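So, here come the structures, one by one.
Below are two complexes that have chain A in common, paired first with chain B and then with chain C.
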Partner chain A sequence: MKRIHVNEEYCIGCRLCEIHCLVQHSQSRKIIKAFKEEAPRAMARLVVEEEGPLSFAMQCRHCEEAACLEACMTGAMHRDEETGAVLCDEEKCVGCWMCIMVCPYGAIQRSLIGRSAASKCDLCYGNETPVCVANCPNEALIFVDETPSDNGAQ
Partner chain B sequence: MGISLKTSEFRIERNEDRCIACQVCVRQCANDIHAYDAEDDWVYSDETNCVACHRCVTLCPTHALTIRRTPLDFRENANWTAQRITSIYKQAETGGILLTGMGNDRPHTIYFDHMLLNASQVTNPSIDPLREPMELRTYIGRKPDRVQVSRDDNGQIRLETKISPQLTLETPIMFSAMSYGSISYNACLSLARAAKKSGIMYNTGEGGLHSSLYEYGPWTIAQVASGRFGVHPEYLQAAAALEIKIGQGAKPGIGGHLPGEKVSAEVSRTRMIPEGTDALSPAPHHDIYSIEDLRQLIFALKEASNYEKPVGVKIAAVHNVAPIASGIARAGADYIAIDGLRGGTGAAPTIIRNNVGIPIEMAISAVDTRLRQEGIRNQVSLIAAGSIRNSADVVKIIALGADAAYIGTGALVALGCHLCQKCYTGKCNWGIATQDPYLTKRLNPNIGSRRLSNLIRAWSLEIKEMLGGMGINAIDSLRGNRDHLRGVGLNQVELDTLGIKGAGQS
Partner chain C sequence: MRYVMIGNSAAAVGAVEAIRQSDPHNPITIIADEPHHTYSRPLISYLLGQVVDESRMQYRPDDFYERHNVETMLGVEVSNVNTQDKMVSLSGGGTISYDKLLIATGGKPFVPPLPGADLEGVFTFTTWQDAREIDRYIKDHRVESALVVGGGLIGLKTTEALIERDLSITLVELADRILSATFDRTASKLSERILQRAKVDVRTGTTVEEIIGRGARVDHAVLRDGERINCDLVVFAIGVRPNTGLISEDAGIEVNRGICVDEHMQTTAPDVYAAGDCVEAYDMLIDACRPIAIWPNAYRQGSIAGSNMAGVLKTYDGSFPMNSIEVCGVPTISVGITDPPRDEDGYEIIDKYDRDAQIYKKLVLHHNHLVGAIFVGDIDRAGIYTGLIHDRVDVRPFKEHLLSGNFGLISLPIGYRKHLVVGEGIEV
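So, the complex of A and B:
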């Protein structure tokens, strides 16, 4: 499947990926409205980790053997058959946070808005290219087909 | 200590209706112009040190930022301009030489803009480069006075004359000398990869060659400058050609200056100098005080490279450039690179950059004329440098007599340079003229090399169109063909020096 790969060598820590992710998951999908008018503000589904000059965007790796899928007791966490992406059905999620506990990448967050549900990267479901990749100014994020390693992480 | 009389040069206009306080500008500015007030969730700017590099403007996701020249005016005075007054303020405060980066920004006459190209009409057909072959391949190196051929028993023609080593360029453009140190590793890598892809050369400058760039050796010209930074046998062996740097257009008569801030561990290893120390190249080569001395170094380098590589000499365009070039040709150089008044730099005294040298158009014209008069034009190739800004400049300088053009500033602009002229501070927000690890990663060499090779491709296509329009199907037929140039708005002395007619004269 196509996955988001991060090349930390060229991540400039601008956090435009976070900003555009937030907009993508807002109600209006309009950047100024999403930030200035929508309350509570939508959440970015990824986080830029930084230490010194090193930085990289961390989002769900959509693992082949996903621990969150195993841990989910309601079946909210599921794999999309078409794209292979690991998605969370927020209607089914009861907020037990086992997925957050087991995710080795810390890529799942508690949603602080609306229903209390697990919030994670959905590869911008329906978009050809996820917005974080499309808006990365330095091509540090790329969306490509590649044979995943053992745990699916790159 | 007293109050500083310096005022900000630029004003940042933030459209508060658009600003979403995302802090991209805060994170991107190495000059700490923007700041975030968490209490009020508000981003504000103090533009005192703004250099108008547009990094924040370009990355702002809501296009909330604009930068303008500060509207603070002095009383109008044609003699004491704001720039001259503020220069004195700075010097009165620091007592130092004012430094700058990039090329001359003074309004000296740009002769390129006073020359127009010819095109075919009726009496000679123009050529369509999309339908007919158009040759841009250029060979840099000494050409023989005459060529002897013989036929073998089968009637096949054989070349008897031994041809001197030549550089092959797919298009008459090269990336000019920019050292690792003055520019970042990623910038060097972008240049090297683009040179390889475009079939041209890039130049190491006087900064040595990072060991990981040796694989791009066949597309590398290695410079030997007065400081001899990073010069060792492997360096000379790795490159395709060697270049003795005597002078630079931005600072004729003085040596290079790389501030210690930019001498990182890797730069120090590559240059073979201690980390954090200023890399100061002497003004002259201390073993070159005459043409005879230069000849010794040229042949020392030829000897060291087994006479397999062209050895060139780079000089700044100065008043007596023509006789100097003649001497260099006779000293055995395979090519002469001439860097004009508007040539760029990573660091130079502003007063030198703005006032020393002559324009490249005049210099190439004078040198080509002189070498032809002396009958030695074939002995050297001429490479023109010093603010070649577009493909028309390339065509014009070749018509004036150059074999190829070096582009430095143009290449950096392709990489994102906004000519803020602060290269010497090491705080380049575009990741080009810096060694700061926070900044260098902003230049992704995959993007950089793509943009550079796009530029070379675009210019080459345009050159073909212009040649075709003139009815010429090979760049060789344009070289020194000044009949294809006409001057506008130039006086007779200028026309004569350029060796061209005025517009309307036939």
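So, the complex of A and C:
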């Protein structure tokens, strides 16, 4: 499957990925509306980490052996059969946060917008390229085909 | 080649999904005493609290069995496992032969033998049926007050559900604090205060001696010191034990506190595997086997068992206790050893307690390796710590950052970070 690779050496910490991710997951998908009019504001599905000159974006790795899938007690967390992406059915999720407890990347956040549900990267479901990758100005995020056995959390 | 599974919850589903990755054809039969499609047991407290309805109880989609080519025998009880002739006997008569068997019978709630425990209105709370019966009892008898016996995780979830039902609740815990198995004193006391703010009467260091009825139904309970607690409903949430009743002594399946399994989740009998709350599997933190009845373990163990049953060798590398529950809307997570013995060397505590924000974080280190964590009020990115425990990472290079505000993968040594992000042995 295609996965997002993170090249921390190229990240300039501009946070465009975060902004575009938020907009993509807003109701209007329009930047000004998403930031000015939608309340509560949508959440970015990735985390930008920054410490001095070092920075990188971290989103769900869509692990082959995904700890969140195993831990999810409702069955909300599931693997999309077509793309291989790990997705959360936010209607089914009750916000028990077992996934947050087990994700070694810290890539799942609590969404408290409306009902509580786990909020995570969906690889911009339906898009050819995730918006964080498409809008990264320095190829710190790239979307590449990867053989399944190359990745996967324990 | 026929796979048979006794049980229909996380471990059995994990096994089915693992088997079908390598073996799409050989028949799988699931036998379970409950009549339902596979459902999420932990959701019963949400169901009783009317946070979810029955339509959301299912753990896998409607067509799960069909798509995985599974034959089900639901509402059917197994009475015995005959490992000599490789067959299981059904309570209603008849036998089913197996080539590979998975025992995933889960846990059984414990009710102390005390006077009045058989009255109407006394319940345990582990199954969908329990939730339905308690719900009906609350409605039919206009229940206003409830007594929850046991201040562990099930007791807390029960209490939370009953708060949603607007009952006046007394919670009784034998230990001197609630959640004593998973929390330290600070986190326990914090949780007690959260419950008290929700008007729960929390009684620690005491226990129920007797339940007194009026006619056939519960009327009040008597505590150890003689105090009477009025209650229309009693729920026992003292604990769950591995459900191993169907294993007879001559089966050749070793049972200690739970069913003993090796690193392939195989029991001491050939071709018989076991997984989930009924087993005692390897706990990597205490370096011994013990039952850890939690959902993620059940699925993982079932999945490992399933792979091995299908001939794909996989090893269970062990686990440790971990729980995530909300206490009246306050998220909490506890992982591993959270309250180490004071008289043992090598432990070190790093903690942070913000009384105003009601946020408590605690890390337990043992010889510079993280072995436990507690988070109350702020659980963001807790899994990074769980990962450090699992991967036995030496935290010395970043120890002082462990509970700093922006702790994240960025705080970790570059080698470990890249191992996480791009997988072992791959250079970016």
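Simple rule for what comes next: the second predicted complex is superposed on the first by the 148 of 154 C-alpha atoms of A that agree within 3 Å, B and C clash if a C-alpha of one lies under 4 Å from a C-alpha of the other, contacts with A are read in each partner's own complex, and residues count from 1 in each chain.
Quick note on the criterion: contacts are C-beta pairs under 8 Å (C-beta built on N, C-alpha and C of every residue); 3 or more make two chains touch, one makes a residue touch a chain.
All values derive from a computational prediction rather than experimental measurement.
Q: Name the contact category of A:Ile12: first (chain B only), second (chain C only), both, or neither.
A: A:Ile12: touches chain B, not chain C.
Q: What is the contact status of A:Met101 with respect to chain B (first) and chain C (second): first, second, both, or neither?
A: It touches chain C, and chain B stays clear.
Q: Of the two partners chain B and chain C, indicate the one touching more residues belonging to chain A.
A: Looking at chain A, the partner in contact with more of its residues is C.
Q: Identify the partner contact of A:Arg110: answer first if only chain B is touched, second if only chain C is, both if each is, neither if none is.
A: The answer is second: A:Arg110 touches chain C but not chain B.
Q: Following superposition on chain A, which residues of chain A contact chain B and also contact chain C?
A: Shared contact residues on chain A: 9.
Q: Which positions of chain B touch chain A when the two form their complex?
A: Spelled out, the residues of chain B in touch with chain A are 17-18, 20-24, 27-28, 59, 61-62, 437-438, 441-442, 444, 446-447.
Q: Can you list the residues on chain C that touch chain A in the complex?
A: Chain C residues touching chain A: 10, 14, 40-43, 46, 51-52, 56, 58-61, 295-296, 299-300, 303, 317, 322-326, 331, 333, 335, 379-384, 386-387, 390-391, 406, 408-411, 420-423, 426, 428.
Q: Spell out the part of chain A that touches chain B in their complex, as residue ranges.
A: 9-16, 19-20, 31-32, 35-36, 52-53, 135, 137-140
Q: In the complex, go through chain A and note every residue touching chain C.
A: Of all residues in chain A, those touching chain C are 5-9, 47, 49-51, 54-56, 58, 61, 67, 70-71, 73-75, 92, 94-106, 108-110, 150-154.
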